[in-house]
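Here's a structure for you.
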């Protein structure tokens, strides 16, 4: 791998993040302009302009991403564009520098592409909202930060995006801050993310002190060299810490608790940030540093285990959600778990593959859900829906496509990507087989909750008050993106057809140069050859996957298509289990009880008992002591000459005695 | 009668003894003017004229120091000259403050001035004494007028009682001194300080040691050092404020002037115990002041603390006796004492002057609570008071800070670091009460009912302004004082 | 008759102690003044004893002690005068000469 | 042109003028004061421009004999600026006019006095950073206490008298120990010139350096304030008028960290090496401790005051890591903390003027009625929590990186501050800005005025500039910091040599047995 990268001298890569940033500034300015006009009761119709600006900015960013992609396809290795020096640490200098390589190019395409669609959708969805322009400012800012995250050629730059998207997530979750709980959810998201960020920082410091650079090319290059003799333990620790950061951003156990709450944000936000892009940045980070992780097998195993556990726990939780977005939220956590499972078994390209397909179908599902909620006047409880397929046909059809992809129905995009992951896990053998088993079970669960959702929302009787609620199909601004995404969800699989199809795996081939170092290191651990499955086994696995998906989908659909009866039956039969599942196994509650409350109590105790009583008490005590002593001292001068004389005479005697003692 | 000393007296008129002669002349002139109706109008001019004359000749003395005179019993060196300036300053401030201060005793102002101008004569004798006899005469010339002045407002209980207390304890102190001097004389056979310096063996005997202890006791009493300090608050508070000024700035300076002369007589081992006494004095003086509600009594207690710091300087000088660094440290101690006392004279004299000034509006102005919110109606006076207090507290940009610096550097150079640190920390307590005064003046609201104080006293204003200017000058441009002196 | 110097010193010490005792224990101002006089005179005695002793030891006369005594006697007279004047002033105000009747000062 | 003298004396001149002019018109007085601070800002800009980043020693120096102390010590009026002080000088000059503008609504009584104190304060602070003579430094060091004392005591809140006395005495206690240390230092070294003293002290043994370091460090630790000397700060901050809080957080506390660097580390490298672990522990502990305190506060001003304890813990942690990144970061973070915490105090002041409450529970939902305020508040919070792209991140990142080289474990402790910082600041943000507006008083709040926006904007812009392009700022400090690093390296060699000397002694002893 060529580690001595030369700056391309081109500036246009900067336009990719800069355009949305500019859009954010303009839209933000418009927002304040609107506020001012509204206060003066003058024309406040400037808001839609903001959407236009934002969409244009996105389109521009998408075009330049495309330009990057095409340039790479045309044979450019890596496009590096350095703006200027950022932080001189004394030992090395961190620069503002972007790098378009095959991985980041793919990510920019997904981010700007899906982002553009969601922007368009949002232009319809947010219509009439008081913070319309502000919303687009935030959204554009988010995209800019996300692009910074994936484009930066060094870890610090990535960290800018990393925290930047966290900030936008915070702002957007709390977008309707009037409701206190939404603001709380936003705060929770930020803080939990920050825990991961702290780990990220520490991991970054280990790398910086080890290699004296934070450029990805340098780190990956050096790690590849070091890996010949096995990586030192501190680099494994770095990998572990960075994975900690990924856990925060990508909502993995133990830091996943913020994501279900994050659904407090407007639905396009959930689609863009909490499904398609931001939450996958953990996956991106691991893949970006694939040699490092490949060289730390223990960490890799942990990643796989965490991914599998997350997938399972979140999947089971999704089963018991009544909130439409809740199902999707837990489903997202679960699917992210899949991606980490893939990373854990060393299937980096499979993780990216699932990342891409998931971006398509989960964005689609969220947007569809948004359309439903929109049509239902902000109702999110699936038990109060039902029979919407006739009211909202376009939403229904596209939603169906998304559901099919999510549940992994054969030949849908999700089918291929999920299968690839499971196959990789199976091929890994040993511990990976357990991961495979869990993954398989989760696949079944996925199909169950997906089709329960579809059935509850679109089929059966209408369980809402038909007189007051008139569900309606959303406008074309919202449905057009749905169709585009639906096509992608259905057909996305062509990016990575299984080997047994004897078609080129486009994605794997595209990413091969980026993933090569990690692959080599992994191969080193396996005595030089990568795990391999025979075609027969592959076929069997594919069939198994298809059968499970279809079977479970069938069961779930039929159990729920007539209404909520089976849900309620389950709840009455196993009230405790239902309760546990619907609250993600009570993990969030346990955190609150075991971490949050004790820390707050400790803070209060520290402030009141230690700081005020002890430390401040000591300080004030010295003051009081001085005053008391002062009174005693001052009282001696009471005007009684007798006592004065006694003191003077006595003191003179003492003085004389001391004097003679000195003399002696 | 020795012919030589007559010649001394003659030549000294333009040298070592000139300040003394100016003041003695002034004393006579005051007395004459007071009883001569034709000259009575001249009376107010006599004291300042004599004082300025003395100051002028003291300045001459600093420039051209003369050696020992009067048979080696008195020395008119630059140190004496410099101390003389402080004494003159103290007297001048007291004199200025006394104008229009007394209401019922107005007719006795002649006697007042005569007594007042006698005090510096005694002080100068103390500062230049090379012989215990001269010191004793000086001490009495200082003390006796002060006894009378303290009780000058004889229609007031507190004044009379202050005088009586001061007198009784003062006389007791003198008795201690004399007994000590007698014992020293018996042991060493001389009362000459120069000779005593070389009589280390004789002074090491129990008799000599006890004598030294008694002398030190009485000197510390005069300086107001713990545990001989108890008279200070009573007397400072009870005496008329101008007299308090004289005591605070003049008497203390005189006592330390002689202590400085006397330091080489003491054995170096005495240095550290003296230092401990000094720090205890610092602590107790400041702690005592912390709880005072009367400004004069507060300043009295703070005066005790200042005496403690000065004693630390003396202790440093004592420690160095006989060592190779003696000259250096003695020099440091001298400069520290002089500068400190000068700065203290301006600051304490200025502060007491403001108290005296405000007393014109009502005698209860010695009480701190009467100063509440003064900053809003009389910002000038309030600012002056603040400046003086900051200087007393040793905040930089004022003379008090440099004084503190010099004092502590003498102690540090004499390897008394722990004592220096402890002593420095007592300043925190000191700022505690100085700032309480500042709080009262600036940060508490003035009750609506209180009238704005009348302040039609040009002389008081002039003196306050002069003191304030000097406090700042000593802090910011101390070269003009430090240069000629060292 | 040749009295040893030590005897003189002891006598002085006794006188001084009596004076001190009177000063500390008696409350009548007049008596206190008298006690102080006694202490001063004890000091005088010490000076003279010292002078005598040194004269006999070194063979020549040292004037310091006697000169000091002269001054002390003079000063004692002045002090007495001033002291009595103060006592009179006190008596005028308070009709008493007892030190216990002075007003307490500390608060 | 004696630039440094001008920059110190311009505000003093302004103060004098204000004291003397017979004008009673408050507006005119304010204009005069503002004019003088603006001139100072301009001068500060000239200093910034005239500063040569390549030069490590003091620049733009001015030396005039002042007076001679006994013992043949020449106290000079000597000024100079180097990489350690340039940022703080610029910060002071930059902030003061803005702070002055911020007081037009807040300070309406005894305006003249207030303005005088502000100007004296500015001169004092600039003097502290510019003094090249120890005596002069000490003078400015203590003089700068006095104005704040008055500002707190006269224009402060309910418990102002307690707070101001505590502030003054606590700080003074440290200063006095430093005074004794300084005296001992100068008489041993025989000079008052700080550069010469640094030379002298660096060559001394650990035993000499050790206690001098301790004497100096105590004073600075109180000023910073380091745990456990911090309790004066929350009281002072809470009771101070807005301008006082801003100056306190913005500049005055930096006098402590500045002192630690110039007089602790640069002057006594051996002692600093020995003490580095202790100070790093105190710094890391301060980060967590301050954060915990902040979490427990209900008074928003007090909360931010506690956050200062936490943030300055970062500065100390980085500084005493004694690594190049740590030193750079801590110097930069001094400025950053000044800006972001200054911003927060300004904002709290603005809302306090409208609502007259500092209790978090009295607010809620005011983002709706004060969107501009909300924008600036969130911006400041983000700057304060160290969001990348804003100033706080660059400093914090450098500090943590530098600290990591020295002690990964303590850095691990310090990093938690990143999390806790978000906890308490976002909690405050949520409670103030978000949620439903419940009281009519809050509903009637008016948004920021043009004046307020105008004074906040430059600070925010600077935050952004430092966040994106800290190069010009760090660059100016580098040369001076490298000298310190060299001194530290030399001291490390010395330490190693001493360890080498001690090592053979042990086996010899064992063989003797």
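Each chain gets a letter, A, B, C and D, in the order it is written, and its residues are counted from 1.
By our rule, a contact is a pair of C-beta atoms (placed from the backbone, for glycine too) under 8 Å apart; a residue touches a chain by one contact, two chains touch by 3 or more.
Values in this document were obtained by computation on a predicted structure and should not be read as measured data.
Asker: According to the touch definition, list the chains common to the neighbour sets of subunit A and subunit C.
Answerer: The common neighbours are B.
Asker: Where the centre of all protein Cα atoms falls, which chain's Cα centre is nearest to that point?
Answerer: D
Asker: Looking at A-D and A-B, which pair shares more C-beta contacts?
Answerer: A-D
Asker: Indicate the whole-number Å distance between the mean C-alpha point of subunit A and the mean C-alpha point of subunit D.
Answerer: Distance between chain centres, rounded to whole Å: 37 Å.
Asker: What whole-number Å value describes the gap between the mean CA coordinates of subunit A and subunit B?
Answerer: From the centre of subunit A to the centre of subunit B is 77 Å.
Asker: What whole-number Å value describes the gap between the mean CA coordinates of subunit B and subunit C?
Answerer: Here the centre of subunit C sits 26 Å away from the centre of subunit B.
Asker: How far is the middle of subunit B from the middle of subunit D, if each middle is the mean of its Cα atoms, in Å?
Answerer: 42
Asker: Residues touching two or more other chains, restricted to subunit D: which are they?
Answerer: Answer for subunit D, listing residues that touch two or more other chains: 169.
Asker: Find every residue in subunit B that makes contact with two or more other chains and list them.
Answerer: 161, 165, 168, 172, 233-234, 432, in rising order.
Asker: If you look at subunit C, which of its residues touch at least two other chains?
Answerer: 23, 99, 102-103, 105-107
Asker: Can you work out from the touch definition every pair of chains that touches here?
Answerer: A-B, A-C, A-D, B-C, B-D
Asker: Can you list the residues on subunit C that touch subunit A in the complex?
Answerer: 20, 23-25, 27, 99, 102-107
Asker: Contact residues on subunit A for subunit B in the complex?
Answerer: 623, 626-627, 629-631, 633-634, 636-637, 639, 641, 643-645, 647-648, 650-652, 655-656, 658-660, 662-663
Asker: Touching residues of subunit B toward subunit A in the complex: what are they?
Answerer: 161, 165, 168-169, 172-173, 176, 203-206, 208-210, 212-214, 216-217, 221, 227-234, 267, 269-270, 273, 284, 287-292, 301, 429, 432
Asker: Enumerate the contact residues on subunit C facing subunit B in the complex.
Answerer: It comes out as residues 5, 9, 12, 16, 19, 23, 29, 32-33, 36, 39-40, 42-47, 49-51, 53-54, 57-58, 62, 64-65, 67-68, 71-72, 75, 78-79, 82-83, 85-87, 89-90, 92-94, 99, 102-103, 105-107.
Asker: With touch defined as at the start, can you tell me which subunit B residues reach subunit C in the complex?
Answerer: 131-133, 136-137, 140, 144, 147-148, 151, 154-155, 157-158, 160-161, 163-165, 167-168, 171-172, 174-175, 178-179, 181-183, 185-187, 189-192, 207, 233-234, 237-238, 293
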